[in-house]
Amino acid sequence: MTIQEIATIIHGDVVGNAHHQIIMPAKIEEATSEHITFLANKKYLDFMTNSKAGCVIISKALFSAEMKGNFILVDDAYTAFTKLLSLYVAQQNTEISPQAFIHQSAKIGQQVQLFPFVFIGENVRIGNNCIIYSNVSIYKDCVIGDNCIIHANAVIGSDGFGFAQLSDGSYQKIPQLGNVIIEDDCEIGANTCIDRATLGSTIIRKGVKLDNLIQVAHNVEIGEHTVIAAQTGISGSTKIGHHNRIGGQVGFVGHIHVAPYTQINAQSAVASSVKNEHTAISGTPAIDIKQHFKATVVYKNLPELERTVRNLQAEIEKLKSKD
Amino acid sequence: MTIQEIATIIHGDVVGNAHHQIIMPAKIEEATSEHITFLANKKYLDFMTNSKAGCVIISKALFSAEMKGNFILVDDAYTAFTKLLSLYVAQQNTEISPQAFIHQSAKIGQQVQLFPFVFIGENVRIGNNCIIYSNVSIYKDCVIGDNCIIHANAVIGSDGFGFAQLSDGSYQKIPQLGNVIIEDDCEIGANTCIDRATLGSTIIRKGVKLDNLIQVAHNVEIGEHTVIAAQTGISGSTKIGHHNRIGGQVGFVGHIHVAPYTQINAQSAVASSVKNEHTAISGTPAIDIKQHFKATVVYKNLPELERTVRNLQAEIEKLKSKD
Amino acid sequence: MTIQEIATIIHGDVVGNAHHQIIMPAKIEEATSEHITFLANKKYLDFMTNSKAGCVIISKALFSAEMKGNFILVDDAYTAFTKLLSLYVAQQNTEISPQAFIHQSAKIGQQVQLFPFVFIGENVRIGNNCIIYSNVSIYKDCVIGDNCIIHANAVIGSDGFGFAQLSDGSYQKIPQLGNVIIEDDCEIGANTCIDRATLGSTIIRKGVKLDNLIQVAHNVEIGEHTVIAAQTGISGSTKIGHHNRIGGQVGFVGHIHVAPYTQINAQSAVASSVKNEHTAISGTPAIDIKQHFKATVVYKNLPELERTVRNLQAEIEKLKSKD
């Protein structure tokens, strides 16, 4: 593509050689003459001096006439570059690998890409425009919406962890007969597990983004546009509201409700329901984030605090003996 | 199946139309005329009013003559429904997928179901009545007992994490020549990893239930009928007793022993052996669960405690100056 | 192999029948006449009494003339045995499974073993002498060096977790166009995930050893000869120095730098950069390891400390009233 063609797509103005050919995007410090890159933050202006990029998409506010090279001037270089990247990715062909397994009763939508060694079980339904990477396992009866991406080796619909203890101390499996529903526009990370419901459905609502190695137990529900970082685990039947932002390695106990717009710090243990929207929490067990940060400061100095208390004891003993 | 046929299986009494046909089980709030559901808790009695279920298995104590519809009366509706679900699941045919890989030296028992893309290595032995879901990897020499379920993408027998540091600071691999033995009646969760022993065996005893994304390191042993929730990790050579109940995201250091019937709270760090049976522990590092809960209460108010101590210091200074 | 042949390989002296045939290595307590084992620690001398091993590799310092059986005497029995194990493992043939998927544009080196259901994407390059176990997924453009081992179901090159929040609260995917580079002599554990960079590369330097179920986010760099235990997670753009030793279930926030030779205790939360080499840290958030251990001791007794403070308050009130 020429710089002019790219400028037309991202609605920018060319400064320099509009006919120069660009092959792919790159980081500003690694870009050579066949690459296009971007500059959206004055912090990175220094990189311009030595840049060998074939073209720089630059926010108008940062551009100055002395700069050498080819440029596309736009209002917001970051947004423009992201748009360009999306187009670059979308050029890839979609296809269904002959080495994927699709049960004859499953239904797959239009423009779906299935990589090798994907397993699609009985009665599974997959919407349009989905990408499912290699070695993903989708158990029977699960439903995936449109525009979803499921990364490699994720497992959708494995049995919930449900057992009844018998009088001899052993456990009997409680059959897990529900399914998993993933609504439109979701992304599921590599090696993430979403268990099927005992009865009914484990539900991942529209626009949810799950990172890698996350555990979602049976009958959980995650609200629209909630994002969850890697290695977090959610116990059975917990309902998480919409627009939550949840850090990595967080744990949730079962059967609680978390209000919409909750923000949860990494490694927290959420041990009870969060009732008010727009709450920020942290800690094990999780409490108000500000209260928790104050507590961690004291925690570091606990040995000193203990010494202070011991000294006070001694001083009081002295005072008492003087009485 | 007719309601009468189901009633015979679960030893219940029919009220209503015994000839009505049922196709599958469902949740009470979702059941329609072809479904059977259950009512075992008076909390859910309200659901009865609008239920369209073809049949409800109901505990005798909850049934009243005014209720409309078809019923099977039993002593304990929950137990009866669970029995029915198990039969429903068992109807599925078992088969070995032609897209599973089985090494020619491996031995597979009767009534085993292998899903596509299962890898069974050299000399692996698998007992009878096992289900191994898609994309599971079982390394060579591992042994699986009867009636085991291994969920998708689990890894059995990967190398233990063993390296010897050389004088130049680099690491030399210590070959891991042992195996993994999983005894009868175990269930292994999706994406769970069980490493082979350096020499000898990593052992999962009879009836153990492991949830998803669990890490079991080399030479670990887990005692009979212990259940472990998701994302817990057990370091090398640790021995866990029988009938433990272990929460999610727990960590165990290596080379410790945990007594039988220990209960461990989620996110705990077990840093030393647990010597007495029937102990309950929690925290990082894990201590007696009651002591830990008291400590967490004080922890939340640490900034306040510190302020109190500061005030006491000031008061004592005042008292001293008066002397 | 005869005992004499083995002795020649490990530079030892035979005592006993040098022509006895050995088939494989075993633990001292399990070895029978076809096995070879080792004794390097006087703690295990008692096992000698009942050992049925066909041969024992023994450190010279531990050998005494009364011992019965066949022996190979060496300076350090442990090192010699490890060398033997490595040879034993290396005897296995390397081969590329016809059930692995290799994109036509990928380049695979010499002496590479690919197990069934390995997925190798477009333009991937793999060096010499690598073993890649079953169900591993390697996304396009990733680069693996020489002498690497990647365990089953690991994922290399999945998309980084990058989204831009739009004004309506939903998230737009930021395309992840970089790759993953794994240098020579690395070992990657089962079910571990290494995300590709947004632009540029996520880099695992020479000699790094990663355990199972680890999360490495986009644009992370891990320095040479660093070892990381299971279930640890590293957030985006964090740079970890060389020769770190990192425990299990540790979490790192994004965009920090960790100095070389840092030691990090299991379950820690590394919330800020570590500036000095040879630092040892622990805790949530991680602080100096000694300071943290002192704090944990006080933590256990927090309720008692609080009672002490309350008592002091009462005593001071008494003293004040006497004034």
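Which chain is which? They are A, B and C, in the order written, and residues in each are numbered from 1.
The rule is simple: a contact is a pair of C-beta atoms (placed from the backbone, for glycine too) under 8 Å apart; a residue touches a chain by one contact, two chains touch by 3 or more.
Computed from a predicted structure; not experimentally measured.
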item: Chain B onto chain C, rotation angle from CA fit, given as a multiple of 5 degrees; value: 120
item: Same-site or different-site touching of chain A by its copy chain C, using the half cut; value: different
item: Between chain A and chain C, centroid-to-centroid distance (C-alpha), Å; value: 26
item: Junction residues of chain A, two or more chains touched; value: 117, 135, 153, 191, 213, 231, 249, 284, 299, 305, 309, 312, 316, 319
item: Residue ranges of chain B in contact with chain A within the complex; value: 24-27, 30, 79, 82, 85-86, 88-89, 97, 99, 115-117, 133-135, 149, 151-153, 185, 187, 189-191, 207, 209, 211-213, 225, 227, 229-231, 243, 248-249, 266-267, 284, 296, 299-303, 305-306, 309, 312-313, 316, 319-320, 323
item: Contact footprint of chain A on chain C as seen in their complex; value: 101, 117, 119, 135, 137, 139, 153, 155, 158-159, 161, 163-164, 169-175, 177, 191, 193, 195, 199-200, 213, 215, 217, 231, 233, 235, 249, 251, 253, 269, 284-285, 287, 291, 294-295, 297-299, 305, 308-309, 312, 315-316, 319, 322
